[in-house]
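Chain lettering (A, B, C and D) follows the sequence in which the chains are written, and residue indices restart at 1 in each chain.
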Amino acid sequence: MVLFPELPFARVANLLSFLFLLMSFLLIIRNSLSAQVRMFAVQSGVLSALAAVVAHFGGSRELFGVAVLFAFIKVIVIPRVLTRAVSKIGIQRAVAPYLGTSVTLGICAGLVVVAFYVMAPVMESNRLPTADGIPLAFAGVLIGFFTTVNRRRALTQILGFLMLENGIFMVALLATYGVPLIVEMGVFLDVLVAVLILEVFVYRIKHNFDSIEVSQMGALRG
Amino acid sequence: MMLLLLLSIPAMASGLISLSRKRRVMEWIHASASVGALIVGGVLAVGIRDGAPVSSWDILRADALSAFMIMIVAFVGAVAGIYAIGYTRLEFDDGHIARVRLFYALFQLFVFTMLLAVTTDNLGVMWVAIEGTTLATVFLVNIHDNHTGLEAAYKYLIISSVGIALAFMGTVLMYYAATAQVGEIGLSWTSLIGIAARLDPKIVKLAFVFILIGYGTKAGLAPMHTWLPDAHSEAPAPISALMSGVLLNVGLYALMRFKAVTDITHAGLFERRAHRDHSAWIGLRWVLGYAWRAVPYGESRAGQIHALFAFRQHPAQVPHHGDSRRAWFDESGAMDRICLSLRNSRSAGFAAIRSVHQRVHHFPRQFCGAFCCLCGDRYRSAHLGFRGNARKRESHVVWASIGGTGVR
Amino acid sequence: MLNSAAMLTLLAASLMLFAGGAAGALVFDRESGRCRRMTHGLALCGTVLVLILGIAGLTGNSFELLLPRILPLAGGLALGLDRLSAFFLLTIAVGVIPSTLFAVGYTRQYRQEQALLGFALNVFVPAMMLVVLSRNVLTFLVFWEAMSLASYFLVMTEKDRDETRSAGWLYMVMTHAGLACLLIGFLAMLQATGSFSMPEWARAAEGVDSGVRSLVFLVMAAGFLSKAGAIPFHVWLPRAHPAAPSHVSAMMSGVMIKLGVYGLIRIGFEWLGPGPGWWGVLIMIVGAVSALLGVLYALIDSDLKCLLAYSSVENIGVILLGVGAGLVFRSYNLGSLAALALMAALYHSLNHTVFKGLLFLSAGSVVHVTGTRITEEMGGLLKRMPHTGAFFLIGSLAISAMPPFNGFISEWLTFQSLLLSFRVPEQFINLVFALCIASLALTAGLAAACFVRAFGITFLALPRGQAVEQAHEADWTMRTSMGLLALACLTLGVAPVLALRVLSGAVNEFLGAAPDLSFDWSNIAAASAFGTIAPLWVAVILALLMLAAWVGLRVYGANFSRRYYETWGCGRAVQTADFEYTAAAFANPFKRVFAFLYRPVEETEIEAHSESRFFVKTITYRHESRSIIEDSIYAPIVATVRRLAAKARTVQSGNVHGYLLYILAALLTLLLFAK
Amino acid sequence: MLAQIGITIAQWLVVVLGAPVLAGVIRKTKARLQGRRGAGIFQPYWDLRKLLVKEVVIAENTSWVFRLTPYVAIGTMLLSAFIVPVLTTAAELQFLGNIILLMYVFLLSTFFLALAGLDAGSSFGGMGSSREMAIAALAEPTVMIAIFAIALRAGSTGLNEMINRAASDPLLLLNPGHLLAFLSFFIVALAETGRLPVDNPSTHLELTMIHEAMILEYSGRYLALIEWASFIKLFLFLTLLGNIFFPWGVAVTLQPGAVAIGVFALVIKLGVLALGLAVLETALAKLRLFRVPELLSGSFMLALLAVISFFFLR
């Protein structure tokens, strides 16, 4: 059953991949926590759409389930959790990241180049129509990673981690149309639990350090 | 079936403990589960050693390497588990029953995830289990809910999660390499190793980079080891023992599984550039690791190694996590050494033997490291209010000396 | 003759005794007295079995044991006994038995540490024994480690003292470094030969590139020499030995450091196959330098046990001269000379075990009753501790290589083997040997001076302190053990044939060449008639002549009345201890002669009465000498490491972002590299 | 067999009884050279006899080591008298040991004398011990290298073989190594026997004496034994010098004629050496203590050159 046979699979996939990357960029230049959470939700939405598209064209029923599950966890549950955290923590004074926006963007652009360079062998060997998006997805991984390095607040760090996770999910999606369902389920569960635990930690950090600036925690040194 | 039984023991124990209310009940369940796992694990391991690998369904499979890991997990788990009962009695009075429950439940969950990681055939499930170990232990690290504990736990969680996510990336790429070659395939190690020779070497290499970084984080290889001294020193002693004695090994175990595949794929390439590249890297890291171990030595020049003695004499003068920290730097070094031997191995088969040999050599150290920790921490608790007399502590020094025999 | 099963039973029985002792230490850790008697008693019994095993091995019994189930992946637990191993077993037993007996009385002072002491002792001794018996890499390393660590804990007995802790720390670091060297060497040989088994290395060594073997030799020699305490790896020794309880010092100095020599002999002659001549030359140079510097530092040290520790460095140097000479001779195919030199080295190592054990134990009794190790505070002890003093005198004579004691025989043998070097057809080597002879001779002279000073200042003349005046004789276990060793000193000196017989068998088996030495009860002849000596007759005739002198005076009718009067003190009315020559003063001529080495720092402060500067109120004299090795080798290393460590600390900055950055950087680097 | 025992005892008696005469000859010669008449050459015997009948005064602080030392001193020297071939190289009692044993036996007596010096607790004794040991120790390498040089030529360290081998070499004195070894051994002999310029045997000024300071507390028969021992030591060293380096006349068989020549040669050689020693002691002043090491290192270099000359000029 193919719903929109007229839409070329590769086109749509690529479009969604670019949207994904765009969301990553948007997320890293926003400073307000709630905006960041929103961006993340949108990005996850894009990703679940992509999953649905791949499921549709790839003819995989399992993958539909994954897309739905993904949408449920990452578009609804996790943003809810994070939003609740943001509101509980209250207004936070803006904390500058280690690097300014322009430098950050420059570095992220560099990371995209790196991603293309690194993923070249995968693209070469991949005959799937979705292959073009793989470097973009990997760029998402690197940008997410970079966010955890660059941002001082615990919540943003968590978001960076989630972006990284999203990127990996997307690599799996584009390169192999997803990993086996049981693994996917386990991964979702783990991520969910991780986020829940992290949320608890954010509260505790707020409680203990009166701020969610991670960089304040420096008592344990070599 | 034995595998299932083995896994279900800690899993059920964890569930039961979280439901129980009475402290004695929890302790009872905890102790019997620890010992039970040891017995079942022992039977299983002996069986495997004398015969073929055991598997149930597609997911669970245990070969000789797994058997070895099972023994380590179950044995250290049992020892640390029994020790934990006394330990928690000292640390938490009956007013903190919720924490005790949490402690025991997570302890069993931790053991479960480690056992799962070493008995599963599915690389994805292995990943899930290893991430599970992080999630299970993170609250244990912060069980006292103080500043430093929180800091250590947060760092542990975020670094491990990020690292382990990269390992997932590697798993995905490995899976991709397999599917690109033979179409649909389970993400199982047995099937992967079967087709390993036909995989695309470039992609496998790329995958292995991610695996190395990812599971390397868990195994405490430098420079991904930064969480290690913090978390191990903040965790309660039995957990520290488990983390050092076993958890790092589990990370390494995962690394070895992938290494076996990579070695086969790169059998032809091995002697050439690819090998040199990552061996150069591991060699560099080895050096770094050693430099790194100099850190605590530099910190107080005559200090750390005598922490055990110092604890007895000058509780106030020693940074209170001195000995555990040193032990962790030692762990890090031991891991580095094993990796070096992995590097040195020329062929895949020899690699397996060599690294297992190293691990055998390492095992008593790990184990004794665990002992050291237990004893060291015992001193800590002794000064926190333990009413032990000097004689009693004396015997601990002796035990610590047994432990000391192994560390290094 | 015992068969192999009987030997294994002996081995197992001794191990069980030690295990029992170790277990006893843990069980009875509350009852100090019982713990002490039980652990030491069991260790003593176990060591007696080791002695039997050693003697059985030396008379030609051997066994091989492979337990593949233990340490399964490295070829199993491999043990074996040949005559060389048996000889070292004998050395171990000879060193350990009196020390343990001594410890029964001596460790009474350590009430709190009984469990630790007993446990570590019962690990230490069997570990040493098993090191000697090990036949593959992993077995060797495991027991080597156990030995090092057990000795570390023994050193740490008086852990309450800062000095002990820093000594233990240094010992640990040096052991670490030595072990690292050994590991590198073992791994390299493992790679080169593909075998875990060391006897197989010996067979495969011919096929290994000689450059690799030389490199392995260098590295492993460094590892073994650091255990043996040869210069420049000796730094731990003069700290750890004084810090340890005396019976432990006796065992470490008498026995443990010999295992470094054992390892060196194994790699030099067996495991690494035949090597070039410069291996031996290197060992000889290390030996000559160790001997000379060791005795020079011993000569000026005022800490009695420290002095003995430095003297161990010296004796290790003498042993190494023999080992090195053996290596050189073998590389020139002078098999019988190599055997002679090795025999001299082995004999000296056995002798050193005996007399150094004796000296440490008697020093231990002195330290035990006076509470000080500083010789400047002692004096006059011979009257208060007549037996201990006599034993110390015998030890001093033996270690100074005075006939008719045992040190003389082995030093004489070493001299003979060095003098015979003219058979080596290489002028450079001849000159090296000439210089080694000179340094050995100087060492011998200085050692005599050193022990004149040690015995004279400690035991003779007047007490210099309160503690010494109340000194009393040691208890019977301590005296018995010292007496045993003193007897051994004399026996090995007048009847060396006992030891030479087994030694020549051992060396013959090990090198496949009979030593160029003929001996019987009355005569020893090296290289047919190159050098001969009749130790038994020397002793007998010397004793008879001394007696004859006394009898002669009687017969002649000399005046045998005697009168006691105070010592002449330049006309002073009262002669007190203040007028005695001090240890520092005794060493002063040497300090001046070897000033370039000691680089002494002297300070003199004179405080005069206000009336006139000629009426002196007080004089303070401070002197200090510095170790050239520590200053020029270790200090820079330590400084560098410390600086690097301080830099490395910044890596563990406490900042989680930084940590994540490391991972990101590692990932990116690796990705770009692996491309 | 009987001849063996006879000649051995005869040699021994020559050493033991002849030693004081030698000292007397040196003293007499020195006195003459200095323009004094001096005591007769048998004076040392009368001195010894006088000491033997005197009462012994012992310092209160001393222990049994002090009382044992004179016997060790005389015992070691009496033993050495058995080892050194004086008249003949055909006597078998030299089986006791080689020249290395001899040197160690000398060191043994020094060892005990130094202990005795410390035992009385006076500063002088300690000072003497310290200096004596320093000189003994520093002389040791020279001794050994000189022995090495001789042994290289003789192919043996046995005293008989050394002398036999040297006697069989007609061009002995044209050998640079031989002469160098002689010089270095001569200097060592001066140091070991406490002669000028290292030590002054006739001084009794506390700060300059070495050997005499060490035995300052001795009196009576103890002093007699020690004095006698030092006479023997001097005699033995001069005999060694004479017989090893100028081996002519030493009997290689036990025929009475050869032995008679041996006696005659010994008297001549000792006479020449004694004269040389006396001239030297008259001409030289005592060196400052801390110049002695320079002298000894000089002699060490000579010995080393002797060894080198063997290896490079053969």
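Please note the rule applied: a contact is a pair of C-beta atoms (placed from the backbone, for glycine too) under 8 Å apart; a residue touches a chain by one contact, two chains touch by 3 or more.
Everything numeric here is computed off the predicted structure, so don't read it as measured data.
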Excluding chain C, which sets of chains remain joined through contacts?
A, B | D
Please tell me whether A-C or C-D has the greater number of C-beta pairs in contact.
C-D
What's the farthest chain from chain A if centres are computed as the mean of the Cα atoms?
D
Distance from chain C to chain A - Cα centre to Cα centre, in angstrom:
66
Chain-centre distance (mean CA atoms) for chain C and chain D, in whole Å, is 35
Centre to centre, by mean C-alpha position, how many angstrom separate chain A and chain D?
98
Centroid from C-alpha atoms only, then distance chain B to chain D, rounded to Å. What do you get?
77
Scan chain C for residues touching two or more other chains and write them down.
648-649, 651-652, 656, 660, 663, 667, 671
Give me the residue numbers in chain D that touch at least two other chains, ranges are fine.
none
Note the residues in chain A that touch 2 or more other chains, in rising order.
118, 145, 148, 157, 214, 217-220, 222
Complex contact set, residues of chain D against chain C
52-65, 71-72, 74-76, 78-79, 82, 95-98, 100-101, 104-105, 107-108, 110-111, 114-115, 117-127, 129-131, 133-134, 136-141, 143-145, 147-148, 151-152, 155-158, 161, 206, 216-217, 220-221, 224-225, 289-290, 293, 300, 304, 307-308, 310-312
In their shared complex, chain C is touched by residues of chain B numbered 154-155, 158-159, 162-163, 166, 205-206, 208-210, 212-213, 217, 223-224, 226-227, 229, 274, 277-278, 280-281, 291-292, 294-295, 297-299, 301-302, 305-306, 309-310, 313, 344, 353, 356-357, 360-361, 390-391, 394-395, 397-398, 401, 404-405, 408
Quick check: in the complex, which residue numbers of chain C touch chain A?
648-657, 660-661, 663-664, 667-668, 671-672, 675
Going by the contact rule at the top, pick out the chain A residues touching chain B in the complex.
118, 121-122, 125-126, 141, 145, 148, 154, 157-158, 161, 164-165, 168, 171-172, 175-176, 179-180, 182-183, 186-187, 189-190, 193-194, 197-198, 201, 204-205, 208-209, 214, 217-220, 222
Chain B-touching residues of chain C, taken from the complex the two chains share:
25-26, 29-30, 71-74, 112-113, 115-116, 119-120, 123, 138, 145-146, 149-150, 152-153, 156, 159-160, 165-166, 168-169, 172, 176, 179, 187, 191, 641-642, 644-646, 648-649, 651-652, 656, 658-660, 662-663, 665-667, 669-671, 673-674
